[in-house]
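Got some structures for you, see below.
You will see chain A twice below: alongside chain B first, and alongside chain C after that.
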Partner chain A sequence: MTAASRPSLGRIALNGAAGIGLLYILLPLIFVIWLAFFRQEIPSFPPEGYSLKWFGAAANNKAFVSGFVLSLQVGVAATLIGLLLGVPAALALVRHRIVLGPAVNTLLLLPLVMPGIVLGTALYVFQIETEIATGLPVLGSLGGLVAAHTLVVVPWVVRLVTASLVGFDRTIEEAAQNLGAGPFTTFWRVTLPSIRPGLVAGGLFGFVTSFGNLEMSLFLVGPGRTTLPIAILQYLEWKIDPTVAAASVIQIGLIAVAMIVTDRYVKLSRVV
Partner chain B sequence: MSATAPEAVAGARTGLAGALVVPATLFVAIGLIGPIAILFRYSLNKFIPGQFMVDGLVIENYVKFFTDAYYINVLVRTVRVAVICTLVCLILGFPLAYVLARMQSRFKNLMIMLVVLPLFVGNAVRAAGWMTAFGNRGAFNASLTGLGIIDRPIEIMFTENAVLIGIIAVNLPFMVLTLQSVIEGIPRHVEEAAFSLGANPAAMFTRVLWPLALPGILAGTILTFILAMNAYATPVLLGGPKFQMMGPLVYGQFAQQNNWPFGGAISFILMTATIVLTVAAHLVVQRRYR
Partner chain C sequence: MARLAIEHLRKSYGDVTVVDDVTIDIAEGEFLVLLGPSGCGKTTTLRMVAGFVPPSAGKIAIGPRDVTGLPPWKRNCGLVFQSYALFPHMTVAENVAFGLEMRKTPKADRGPRVAEALRLVQLTGFDTRYPRQLSGGQQQRVALARALAMEPDVLLLDEPLSNLDAKLRQEVRVEIRELQRKLGLTTIMVTHDQEEALTMADRLVVMEGGKVRQIGTQRELYEKPADRFVAGFIGRSAFVDGRIEGDGRFRSKGGLEIACAAATGAGPATLALRPERIAVGSDAEGLANRFSARVEHAAYLGALLDIHVSLSEHDRMLLQIPNRQGFVEPRPGETIAIGWAGDAGLIYPLQS
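Here is the complex of A and B:
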């Protein structure tokens, strides 16, 4: 083997192996998207023809529509609360020396690595205890679901806002204050614009995490009140057909758009 | 934010920083540690059929799990599936992670997005994709019969293989992203130095790249192992009701049996495995790299 041919041969093998890996990751999404456009209802290959009618069927399915609406409500609410909690925390963690700073940082990122099943069971019993203690309906309520989702939104906000703050020059703020700006003006006119990429990315990632959450939500939804991923799961336990595939395509599309928008603000390769 | 007082001295800044970080910290501490403490307390309660949960301080739920062959089987199967999935993820993920890390074209970001997108789409949707492929007349069997390789469809749905294929696809992006970020931190010229000193690609990989990437390999391995141990949607949809793993077992105890103490105990066994493995791996990494 000559020195010249060795790297190129190795390169081809390497790229081939990488291609297989990427294809493997994408294959399930390709199949779902393909199925959504089948003409016949049975998922048999090759398809008899193609049609868009299943998107109408998915839009007329009550479980999917109400699931979509609930997922949207919970996602937006959890994202807003998550931003309110996470942005100040990230600002403080990057800019100030905080007692136990690293420990606090680890705690705030912990919900991200907690398995959904464990988080779901733990929050389930916690909400039952809260119900017993306060007499308020918590389990299965919108508020209970939003609180749980906020827990998985906060880590993303902290992580992405922190990432966008690392290169930020403190002296610009000091300059603003020297020129007579109060703390509020400084924050609004100087700090906020500079962390906007992290803010947008954190919010979108948080929303997407909440919108796609399945395992944790499974324990916390009430009867007749399910999120879109749970509606899809329950439908799939019964059967697979182009209607559920069409509902999945809508979810994939929404998440893809959110990711492309995020990428305009913070390069994904830097934060995930 | 607007309510904060003007701050000039260091002392005031520290107070402000506290005020900024406390709400989120309290929220996560109460929302995460509180529930886990209650879950542990529940797991020590008794369950009497018909009477529901009775307060107690017993370890019988844990004893029940570790003395019943059925539950031990479920745990062993879960660990086996998790180990296989993790190893395959490492083998499949490394080349992709390496190529992504060393890539410099404008397609890099697009490639990363393609790896990340499935992560956020959710496990049920990806299981749906495999369900489309695995059926008797699904894409796999149709193409295999079409090519004349088989004349009767292979049973893939509701087998361990289906679950393995599904979980590997779910976890592969995590492995790839973890490895990619570590490989990106290894300077290119370290590899070139190995080559110029006469190492062939295999020697460069085993003697240079692998040892340097080891922290990432460990992190990715732990992450995918934890996720595979805790898989829910994939075993339920691709394994069917007879293929039990720990995740569905926990859910069944809560949702169908209403046996909260036992469900809590199983959930705790799962989580303990998670924490023990994470801590152990951290210790190993720290010992090696200090």
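Here is the complex of A and C:
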């Protein structure tokens, strides 16, 4: 009786381990957020006081603002293209027997597991060669950057849409056709809403991956065209004041809002 | 004239023929049931009518319209799926309205027609619910309402009751049948449940191995099964193997001489007897065939008694007798007198 009411040693150990794990994940975030409100220029403990001025500095930093806009543009474009490519790919992989289907599935994960530096180098060489062969300005162009970022979006979309297609009852597509819907209407009205969780989650994670990508982008950006992560890196080479922390807090805030809003429509925890 | 005509329909996958030369005419307003064991081709036949499976050969016509080559969305067949296949992201009303929307029915007309369809299946007031908020029986009704709302030329039911519990199934059977009769809908239902088929159908089609074994009313199938398979599948039969010795004479493997009106020609054959047509005790007196039988096993089933008897080393059969007041079931090992009329048995010559 008493043994049941008292938490066991194992339970305490488990909760303790979970707590440490959570702290390990959250601590850097907490520190960055804390740091962003320090008043002094050189971060040191204890803080001399608190201020909001670094947020102003971040918002007025031209490199940050233009980097943010570029990252947003690239992220949105890469996500849209990634969805257009990834959704049909996932449908094909799940529904049709494709020659080497499982191999293709594994291959599609490659951009996620390959080190960013390797991917960046490979794309850098590839884009130079393409430029030489075609004479078109590829390297350093917005198109070149979007194409590269699409590569890291597609695996997310394919993976998560595939996951939501497994267990999808195809008779509802037949039901739609039976009720008079042609193939396109069936896809738009019945299939797409059913895979929406995977679609939204895949798009969101793809976008976040693209938005935060540093290593690959380093090789591919052109003069005067810098993404936000690169702008932050460049800033850190000269200064270590909390402007960077403030910029990061803004990013964390935006992503948090995106996830909360998404979660209202699609339970992300159920898909990922 | 047939409202739905299926002519010489065939479906093969490579060397395997799953539907073989099926021809069925269904009259306007008729409730036809395709009945057979699993794998007999009944569902494939239904799916060919709905347009989901392209036939290898044959023709399907709805009224004057040849629909053989038409895609599912141009056939106007209302199909109720075994799994109901409701759209999970749409409300009940949206589900039911889907077919109307696809037919470009004006928005103003859709509301009343959805309401009417829901009223028919007694789901008025459930408009804004989602399928997951409904019980299995309610989902089944939504599926039916959705098929009815589009005013189909033919209603197709694919094992519509198999996911309901036994009690509900009994009720829904009657409801579906009443609704179908009231609306005068030409209907095909597929089922493997014999009782369901017998209670609902105007006519039944017994299928086996991709072929139609027999088409007929309940009485025709029970009284005059076309072959041994139908005799065993519809209701129960006691089978006695043996030979036709001459006109009206059948000799069982165990040596019993049996008078049998249907026996003509000579050769190996099977005699089929309905268990309830075999009389016991004093009832057997005066019948053309009378034997003494040893009771092997007797089962008390309430209204009926099942008695397994052996007439010789090779001849066993099942008797079914009503549980009349005062009747005491015989014990295993007892010997009883049994008998049946000369025209009670049906003879099926063995195909070589």
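Heads up, the rule we're going with is that the second predicted complex is superposed on the first by the 253 of 272 C-alpha atoms of A that agree within 3 Å, B and C clash if a C-alpha of one lies under 4 Å from a C-alpha of the other, contacts with A are read in each partner's own complex, and residues count from 1 in each chain.
Here is the rule we use: a contact is a pair of C-beta atoms (placed from the backbone, for glycine too) under 8 Å apart; a residue touches a chain by one contact, two chains touch by 3 or more.
Predicted model, so just to flag it, every value in this text is computed and none were measured.
With the C-alpha superposition on chain A as described, chain C and chain B fit side by side in the combined arrangement. In the overlay built on the shared chain, the residue A:Gly182 is in contact with chain B and with chain C.
Residue contacts after overlaying the shared chain place A:Leu14 against chain B, while chain C stays out of touching range.
Judged by the touch definition given at the top, the superposed model places A:Pro193 against chain C, while chain B stays out of reach. With both structures placed on the common chain, the touch criterion links A:Val261 to neither chain B nor chain C.
Between chain B and chain C, B touches the greater number of residues of chain A. In the superposed pair of complexes, A:Leu233 makes contact with chain B only, with no contact to chain C.
Once the two structures are overlaid on chain A, chain A sits at the apex of an angle of 100° toward chain B and chain C, using CA centres and rounding to a multiple of 10.
In the superposition on chain A, A:Asp169 makes contact with chain C only, while chain B stays out of contact range. In the superposition on chain A, contact is made by A:Ala89 with chain B only, not with chain C. Figure legend note: chain B and chain C, brought together by superposition on chain A, show a least Cα distance of 6 Å.
The interface of chain A with chain B overlaps its interface with chain C at residues 182.
For chain A in complex with chain C, the residues that touch the partner chain are 169, 171-172, 174-182, 185, 189-190, 193-194, 196. On the side of chain C, the complex with chain A involves touching residues 50-52, 71-79, 81, 83, 85-89, 98-99, 102-103, 146-147, 150. By the touch rule above, chain A contacts chain B in their complex via residues 6, 10, 14-15, 17-18, 20-22, 24-32, 34-35, 42-46, 85-86, 88-89, 91-93, 95-98, 104, 107-108, 110-111, 113-119, 121-126, 129, 147-148, 150-151, 154, 158, 182-184, 187, 208-209, 211-215, 218-219, 229-230, 232-233, 236-237, 240, 244-245, 248, 251-252, 255-256, 259-260, 263, 267-269, 272.
In the complex of the two chains, the chain B residues touching chain A come out as 1-2, 4-7, 13-14, 16-21, 23-25, 27-29, 31-32, 34-36, 38-39, 42, 92-93, 95-96, 98-100, 108-109, 111-118, 120-133, 135, 137-139, 142-143, 166, 168-169, 172-173, 176-177, 200-201, 223, 226-227, 229-230, 232-233, 236-237, 246-247, 250-251, 254-255, 260, 263-264, 267, 270-271, 274, 278.
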